[in-house]
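In what follows, structures are represented as structure tokens.
Below are two complexes that have subunit A in common, paired first with subunit B and then with subunit C.
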Partner chain A sequence: MRQLIVFILKEFKHIFRDHRTLLILFGMPVAQVFLFGYAVTNEVRDAELTVWDRSGDYLSGELISSMVGSGYFKYEGQVTSDRELADGFKSNRYKLGLVIPPNFARDVFQGNAKVQLLLDASDPNTANILNSYASAIIGKFISSHTKLHLPLNIQTEVRMTYNPELKGVFLFVPGVITVILMLVSALLTSIALAREKEMGTMEILLVSPLQPATVVIGKVIPYLGLSFVNALVVLLLGFFVFGMPLHGNLVLLLSEFILFIICALSIGIFISTKAASQQVAMMMSLFALMMPTILLSGFIFPIDSMPRVLQWLSYIIPAKYFIQVVKGIMLQGTGLSELWKPTLAIAGISLFFIIASIKNFKTRLA
Partner chain B sequence: MKQVRVLLIKEFKQVFRNKGMLPIIFLVPIIQLLILVNAANFEIKKIDFAVYDPDQSQLSHQLVQELQSSGYYHLVANIQSYRQGQEYMDQNQIDLLLMIPNQFESTLLREGKAALMVDISAIDGSAASVIFYYTNTIISGFNKQIVAQWNRRPPKGRERQLIESRFWYNPELEYKNYMTPGLMVVLVTMVGMFLSSMNVVREKEIGTIEQLNVTPITKTQFIISKLFPFWVIGLFELAFGLAIGKLIFDFPVLGSLPLLFGFAAFYLTVVLGIGLFISTVTNTQQQAMLISWFFMVIFILMSGLFTAIENMPPWAQVITWFNPMAYFVEVIRMVLLKGSEFHNIVRHFSVILIMSLVINSLAIFTYRKRS
Partner chain C sequence: MDDHTVIDAKGLTKRFNSFTAVDEITFKVKKGEIFGFLGANGAGKTTAIKMLTGLLRPTSGSARVAGYDVFREPDHIKRNIGYMSQRFSLYNDLTVVENIRLYAGIYGLKRQKINQKAGDLLHTLGIHSYRDSLVKDLPLGFKQKLAFSIAIFHEPRMVFLDEPTGGVDPIARRQFWEMIYEAAERGITPFVTTHYMDEAEYCDRVSIMVEGKIMALDTPGKLKEKFKADSMDQVFLKLARAS
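The block that comes next holds the complex of A and B.
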């Protein structure tokens, strides 16, 4: 026991003496949360709009100003031909073009006006959203001038549950916490262990009176502490800066943190038993661990929209369960009675990797 | 010249002898590409919903029918109370809860208007707004339909269209066409930056850097010979990725490939320069890796790869000006999908050139031939 404590202290000193790593370790999640909170958004604003106004009457001018007034579009001036528009698209000067036919005002009053929207659909998502916004604005504009209204009117009242202001950061905070825990626990641990192997110091540790288990536990405990503190920082940021709620139980949330950290650590140890050098350990962690964690966990992209095969694959990604748990506890206020399934899954994955690492652990290197 | 050649041979041998790295350089990115392209999708294809319908009228049934026949909506349950609906939502079983009030039909016919209530699970804010848009479109379409019935006019075919929308360059709105080129940039950048940032620092950590330092090679020669192998690998990776992407996803290639590779060649010097710079200022591979990862994440987030740069607030857009990845993501999409030509991307070219000069001079300047 004493040996273990001494060993852990040694490892802590190693980590704390490396100021650069520490700075990055704590700076990165903060930078990420701010970027996700403020900069990364799917909301369309100021899409560059150009108009080919072949009518040039007062009503076409009114239509343009009502589009610009919506805040979704930024008016980038007129074009006078398809060619000009195409070149603007190719230089990314415009996102959409509105073609207003001749005699627009007359047609509107006669009830048969027709306009054309040309969209740069190389980005299909944005094109789709812009199309729906523009169509809604134009449709409203035209029908307000033709006095067409419905005798029977269904009104839809909508309520956005859990996140009434539709803040993107609510989705991202759990994701950033997950990625940070994975990064610190799995990636750094696997590298730290592979480093001992590469430098040859693993040999020294293995012939020392320390048990192999003591060596491994001593190596990973500091990272457990570090990642836990890191996750707390992100949590506090989400809470105080972005007003993210915590509807559920804090103790449960923190215990889930620790469970997930253990899971990530066990994966990190497993990788290091397989990798001979730091580079290999790093590449394995990056490609086999970090990318799936970011992509297949529902962090950014909805799992439901993925092809079947990837949906199946997502079942073995622990981050998927963890994100479910964090969202559940923080946003939906659910407890263990709803979340026992993902919790069990994380525990199961950890157990699997712990056993696999023990089987794989070699007490001699050659 | 001969010195550079010898050093190059050494570097290439080192890369190709490392059996652990080879599959990582060549195989893993391809697998990643396949997974990424399929996973990176904001589209919403299935909306699970529940209905609370105490009205049980002809109209309310028709409305539910209308939602289901759109193909997006999947009815999970007919529920008996609002509480029950909330439970479904808490357990993530539904995305949307439709509540039709008692006497919906009779209110609508008597007073000419009636309200519906829709609850949407908005944890993912952007998905929620898309779901809201879909739902609204269907309900107002349904509205027009019953007005036509009410007026005892047979619905006259399809409603006359006021607005004709044309989607250029990607009429089927195939999201993969958009993501594949962008992801290629991520792969090339990742491999280039990580390999180069780990390189010099590895020699430092193992101690072999001393042996290089006592040789007569100059700093510039040293940097060039460190850079070149990864430059070749990076370009190869791009070609390989394009070929695979073309074979499997068949995305359009409208523009000129030489133009694209010309740009990539300059872009890679920037990426490798950043990697080398990181490598010269760090002491351990772990540090180098962390710093590269830090920059990678920021580069990716601020590149417009997943979310458009125009949507960002102005201060964030200013940050993207300094992000080399933002330029390449834009250029590869412009060239491949829209067939942009050199004069369309002159600005991107010049920025990348300047970046390359700055970062590589920095790398050469900070590299010291003594420890």
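The block that comes next holds the complex of A and C.
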């Protein structure tokens, strides 16, 4: 037991004396949260809007003010020709152009009003979002001024449950927690173990009375602790800075954190049993872990819209299950009775890698 | 095996699939003698050392090291031997005294004893001023001495030195061999592998491995006589050519 404590203390010294590790450990999580929370977002605010009002009646004026008043657009003034409109798009002054044809008010009352939307689709995502915002506002405006209703005109009213304001950050906070736990736990432990091999100190440890299990546990415990602290920091940031709700049970959430950290650590140990040097360990961690974690977990790209093969592949990505769990607990307030399946999947993956690592470790020594 | 024998290997063999890395080696090492374990790269030295230190399970044969059986009691062996590799293998980002404390702690020494012995050690080595410097800032010669001192800090019955003088200058090598003699006098039997044939002359007895077998084992003087050679270097070359 004393041996283990001596070993863990040594590991903390390694961590706190290495500025690079410290930076990865504490700088990156916070930077990522702010990056994803503020910069990388699906929401559009203050998109530059211009109008070519060829009608100029009282109704077209009202339409413009309801667009501007929505808060999604920033009114950049009127244009008076095709050319002016085109130039404005080219010089990036406008993201959205609204062309109101002549006799707008009369057309509205006759029930056949048309307007034209011009969008800068060099950024297709933004263009799509702006299109749906603008169409919704215009549609609502026209229907409120039209006496005529088509017989089969079905009005849908949409309610977005669990995230009524469609805040992107609600998706990103669970995603960032996942990526950070994966990165810090797996990458740093695999590097730390590979470093012992590279420096030749592993030999000395193996010849010493320390059990191999003690070496591994001694390596893992500091990272388990630090990763947990990290996850808490991100969680608190999400909570206080971005107003992320927590509808479910906090104890359950934190337990799932620990389970996922153990999963990531077991993968890190497995990698280090394969990698002979720090660099190999780093490359393996980045390619085998980072990319799938970000791309195949549903963090950024929805899994349902991926090709079949990638969908199957996503079943072995622990991050996919963990994001489900975190979203479930935080946003939907679900409990273990609904989340036992992904929880079991994470536990299963951990078990697989722990057994594989032990086998690898033994064959290397036997 | 009596108290005066620290290694007693009989027909020790290690096979990897069809390849025989160590082929029935038999030898004894007496307490306090400096035993040189020579051989070209790939002759099977490293595999033999791994078996003797309890890291690798032999395929057949038997061996007792420091009084314990390599098959049944590898954990006891580990507690009673020291090991120093050619890379000196200290932690560069820990200070001198932290390295000492770490390794001593791993061998289960008590804190009070560690502190007292560490102080003595730093004085003897003359590196007291480096006490709190990081190991990476030490000159290579000091690192080597420190690594050796740490390897025998827990007073093992024997110490394995795997090419301990690689990369250091002749004066430092000379000083290092004095430390080896001192340890041997204190009853810590050194088991040394080396590439430098002049160092083989410093040993009480040497064994020379060729392709997994021990082809010669005697005092340097008798080996030179037997092979009609002027130096250990020539002995080694004659053996290597004969095979």
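What we mean here is this: the second predicted complex is superposed on the first by the 245 of 366 C-alpha atoms of A that agree within 3 Å, B and C clash if a C-alpha of one lies under 4 Å from a C-alpha of the other, contacts with A are read in each partner's own complex, and residues count from 1 in each chain.
In the analysis below, a contact is a pair of C-beta atoms (placed from the backbone, for glycine too) under 8 Å apart; a residue touches a chain by one contact, two chains touch by 3 or more.
Because the structure is a prediction, the values reported are computed rather than measured.
Touch criterion not met for A:337: it reaches neither subunit B nor subunit C. In the superposition on chain A, contact is made by A:18 with both subunit B and subunit C. Touch counts on subunit A: comparing subunit C and subunit B, the chain ahead is B. Of the two partner chains placed around the shared chain by superposition, neither subunit B nor subunit C is touched by A:81. When the two complexes are overlaid on their common chain A, residue A:327 makes contact with subunit B while staying clear of subunit C. Touch criterion met: A:302 reaches subunit B, while subunit C stays clear of it. Shared-chain residue A:89: touches subunit B; no touch with subunit C. Shared contact residues of subunit A with subunit B and subunit C: 18, 199.
Those residues of subunit C that touch subunit A in the shared complex are 53-57, 75, 78-79, 81, 83, 85, 87-94, 98, 101-103, 105-108, 160.
Contact residues on subunit B toward subunit A in their complex (touch as defined above): 18, 20-21, 24, 28-29, 32, 35-36, 38-46, 89-92, 108-109, 112-129, 132-133, 135-137, 139-140, 142-144, 146-147, 150-151, 160-171, 173-175, 177-178, 190, 194, 198, 202, 205-206, 282, 284-287, 289-291, 293-294, 297-298, 301-302, 306-308, 310-313, 316, 319, 330, 333-334, 337-341, 344-345.
Across the interface of their complex, subunit B is touched by residues 18, 20-21, 24-25, 27-28, 31-32, 35-36, 38-48, 86-87, 89-92, 95, 112-128, 131-132, 134-135, 138-139, 142, 150-168, 170-171, 183, 187-188, 191-192, 195, 198-199, 275-280, 282-284, 286-288, 291-292, 295-296, 300-302, 304-307, 309-310, 313, 324, 327-328, 331-334, 338 of subunit A. Listed in rising order, the residues of subunit A touching subunit C in the complex are 2-3, 6-7, 10, 13-14, 17-18, 199-201, 203-210, 365-366.
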